[in-house]
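Have a look at the structure below before the remarks.
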Amino acid sequence: MSKLLEFPIIVINFKTYIDSLGERGMKIAKDAERVSNETGVSICVAPQFTDIKSIASAVNIPVFAQHVDPHPPGSYTGSVSVEAIKDAGAIGSLLNHSEKKLQLTSIFTAVKMLKSAGLFSLVCADDVEPAMAVATLNPTMIAVEPPELIGTGIPVSKARPEIISESVQRIRSINREVKILCGAGITKGDDVRRAIELGSDGVLLASGVVKTKDPGAIIREMAEALLNSR
Amino acid sequence: MSKLLEFPIIVINFKTYIDSLGERGMKIAKDAERVSNETGVSICVAPQFTDIKSIASAVNIPVFAQHVDPHPPGSYTGSVSVEAIKDAGAIGSLLNHSEKKLQLTSIFTAVKMLKSAGLFSLVCADDVEPAMAVATLNPTMIAVEPPELIGTGIPVSKARPEIISESVQRIRSINREVKILCGAGITKGDDVRRAIELGSDGVLLASGVVKTKDPGAIIREMAEALLNSR
Amino acid sequence: MSKLLEFPIIVINFKTYIDSLGERGMKIAKDAERVSNETGVSICVAPQFTDIKSIASAVNIPVFAQHVDPHPPGSYTGSVSVEAIKDAGAIGSLLNHSEKKLQLTSIFTAVKMLKSAGLFSLVCADDVEPAMAVATLNPTMIAVEPPELIGTGIPVSKARPEIISESVQRIRSINREVKILCGAGITKGDDVRRAIELGSDGVLLASGVVKTKDPGAIIREMAEALLNSR
Amino acid sequence: MSKLLEFPIIVINFKTYIDSLGERGMKIAKDAERVSNETGVSICVAPQFTDIKSIASAVNIPVFAQHVDPHPPGSYTGSVSVEAIKDAGAIGSLLNHSEKKLQLTSIFTAVKMLKSAGLFSLVCADDVEPAMAVATLNPTMIAVEPPELIGTGIPVSKARPEIISESVQRIRSINREVKILCGAGITKGDDVRRAIELGSDGVLLASGVVKTKDPGAIIREMAEALLNSR
């Protein structure tokens, strides 16, 4: 069943771009599914909340939410509950993206709530120490993303490779199980290859796929680079 | 076309209750549609973000989001964009619910963004002066909801009727166009009738419908009370 | 007693600049006091919280806090209470500065709490409609500050004079008592004169005084411009 | 020089209680100083921001702020800067109290900024895993405070002793240097003794001292209990 997470992995964050909303997001998700089927590489998509249900029911690749609130179901108007994303077909959620920073205690609670619901958590961190902090909370994955590189096209694996290798090493000293993704500035297959060589278990990216003319082509380039670097 | 808002109106906030999630939310929406069709009363539902698209495409009554973030489309991971709720079929959004309070400037921006997108705004306020403040921002509707009464079953129209009548009068002195809803503690047809008599244009409610055994029956009771009080 | 507010007025926000911290802030406060004594113009200072007590006890001009939290005294670790700034000698507080935006309901509560304590409130707004919204909450003063001009040296009175004149007119239609200040980009006596001519009751400024070589000289220039424009 | 931190330690958080504001806070600080001088036990106080300067200049025991914002000096109206609390005489700050929760990345930044300024950090955590997370950020001290016990008079050392002993053990596996305090519900000398026996380096408390009739007497009881448990 291809919905299980396999590593190394590619996670595509749709953010709130127009380019990945509704029908256009569906097309990117189907491109990702096709590449995943053809290459065997695990590729996840994280659409906007309103698109989770339609995408999750249309494609057979893992769908993530971009965020969940650490509240139980109930009187929380306007919140995104773990139960809602699960019901909609998501198998997990991003947390603490640098564009949606969370209190430490909310990360802790949300990771626990996702786990209790049988869902995966992908927690972002913006530097080595915060990544280590996140590792103590036992999420499924940690994405190390220096926010100053997000959306720049300058891959963290080139600009600050030491932040990846050092994160991998220091996270491993605390938590041997957690998977470590590399984020920020990834736009080419070569960036993906380099991220894997630095010891990461995959990449988290957004504009590098979503804002390109042919998302399917760049997803394929990245999947193949990832295959070759295994 | 029954999707246009007509007043007096009933707005049902699904919050993040399990009782109104997914299939159960769909059932309440269909109950609301049936009552609306049979009585001619305008009834809106505000499901969780993940349910907006499926509900909006299945029923022919107005669907609202429970919240939108005041950001343009773009690099806003985990945010709820106006474009997303519109694409999913919502015709407007609640804003500033006491469970999702917003900065003054965010209410201003979100109301403007919804209007630019051709969507309606329903801004909550927890007392007379905040309701007047909201009135200056020209939303479509204002719901006056004393937070200490939310979920209590004690209707604001009984506990603090003066907050409704005074709000109506003072809001009208600032803004003659805005519609004024009465929220908090509404559980019976009689509460709805009283709200209309106090000068409001409808009611915003949640647990009074969602947490009951037979939501369809209570929606009908309220719609009929509203008809009789016209 | 010179601590009473008289209009037109000059309010100097010290922000968290090093240039206005501790002894350096005391010097600016004494400069302001001297100019106030010599010209008869009402000049207020808003130092950092830690400097309120020493400055308020050393000078005989009004001292404001830059912010207060809308909580009663009690279990609110790390909050700034109305009681604390009053005990320290402040006669009021700024609220909702664009660098410390507040929820609508918090502005409402804080204004009420300050008034109950016998203190003044100066609420910032970033556009015409939010300024009108604030006017319904009956603060002592409203400062209209387009955030895109803050710290630029481009005075709002030149860049967007209509935002001042329109704010004055529309705020007056709602609230005849509230005083209206003009903020953002004010660095010269001429900017102050223009602000008064546009109908405002004074100016709120920060870097235009604090980040200059001779704060005393620029305060004097502004006080004299204000005298001449009466 | 008695301002250096020595362990075990007692830290008294004044919160925003009226009972510890201004002159009343000064009296508690002087009581703490007297007990510290007479027993040799290190006792710190954390008054409201507006009282830091007067208390720090009047007593010869360590003074902490209750919070700092993770911003450099500059255009941050209403924020509490590291520079301000240092200039006022504080030697460190609490961070992330359950009443002033911070984003993970803000804790990381604030701890670094305090360290760069030569100040100490005391970061609160509400459970074992968050305490471990904090340990990776290398603060001076961690206070483990289950929020459900704060202000109850039920000491964590009795209600949930395992949270202390487990925290101590698991924090030590990550960080051998950090000092570990025990918080929440501590009101008696016996609670302090128990906290030390469970392996902690001291206690953080508030109402247990501030809201009692004779704060000096209870501080003495706690200092003596701490002496006896060394």
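Letters A, B, C and D name the chains as they come in the text, with residue numbers starting at 1 for each one.
Heads up, the rule we're going with is that a residue touches a chain if its C-beta (ideal position, glycine included) is under 8 Å from a C-beta of that chain, and two chains touch if they have at least 3 such contacts.
On a predicted model such as this, the values are computed, not experimentally measured, just so you know.
In the contact between chain B and chain C, the residue numbers used by both copies make up over half of all numbers at that interface.
If you average the Cα atoms of chain B and of chain D, the two centres end up 45 Å apart. In whole angstrom, the spacing between the mean C-alpha positions of chain A and chain D is 37. The multi-chain contact residues of chain B, meaning those touching 2 or more other chains, are 98. Under the stated contact rule, the graph of chain-to-chain touches is a ring, a single cycle where every chain has exactly two partners. Applying the touch definition to all chain combinations yields A-B, A-D, B-C, C-D.
Across the interface of their complex, chain B is touched by residues 96, 98, 101-108, 125-127, 129-130, 132-138, 174 of chain C. Across the complex, chain D meets chain C through its residues 13, 15-18, 21-22, 48-54, 66-67, 71, 73-81, 83-85, 87-88, 94, 97-100, 150-151, 206-207.
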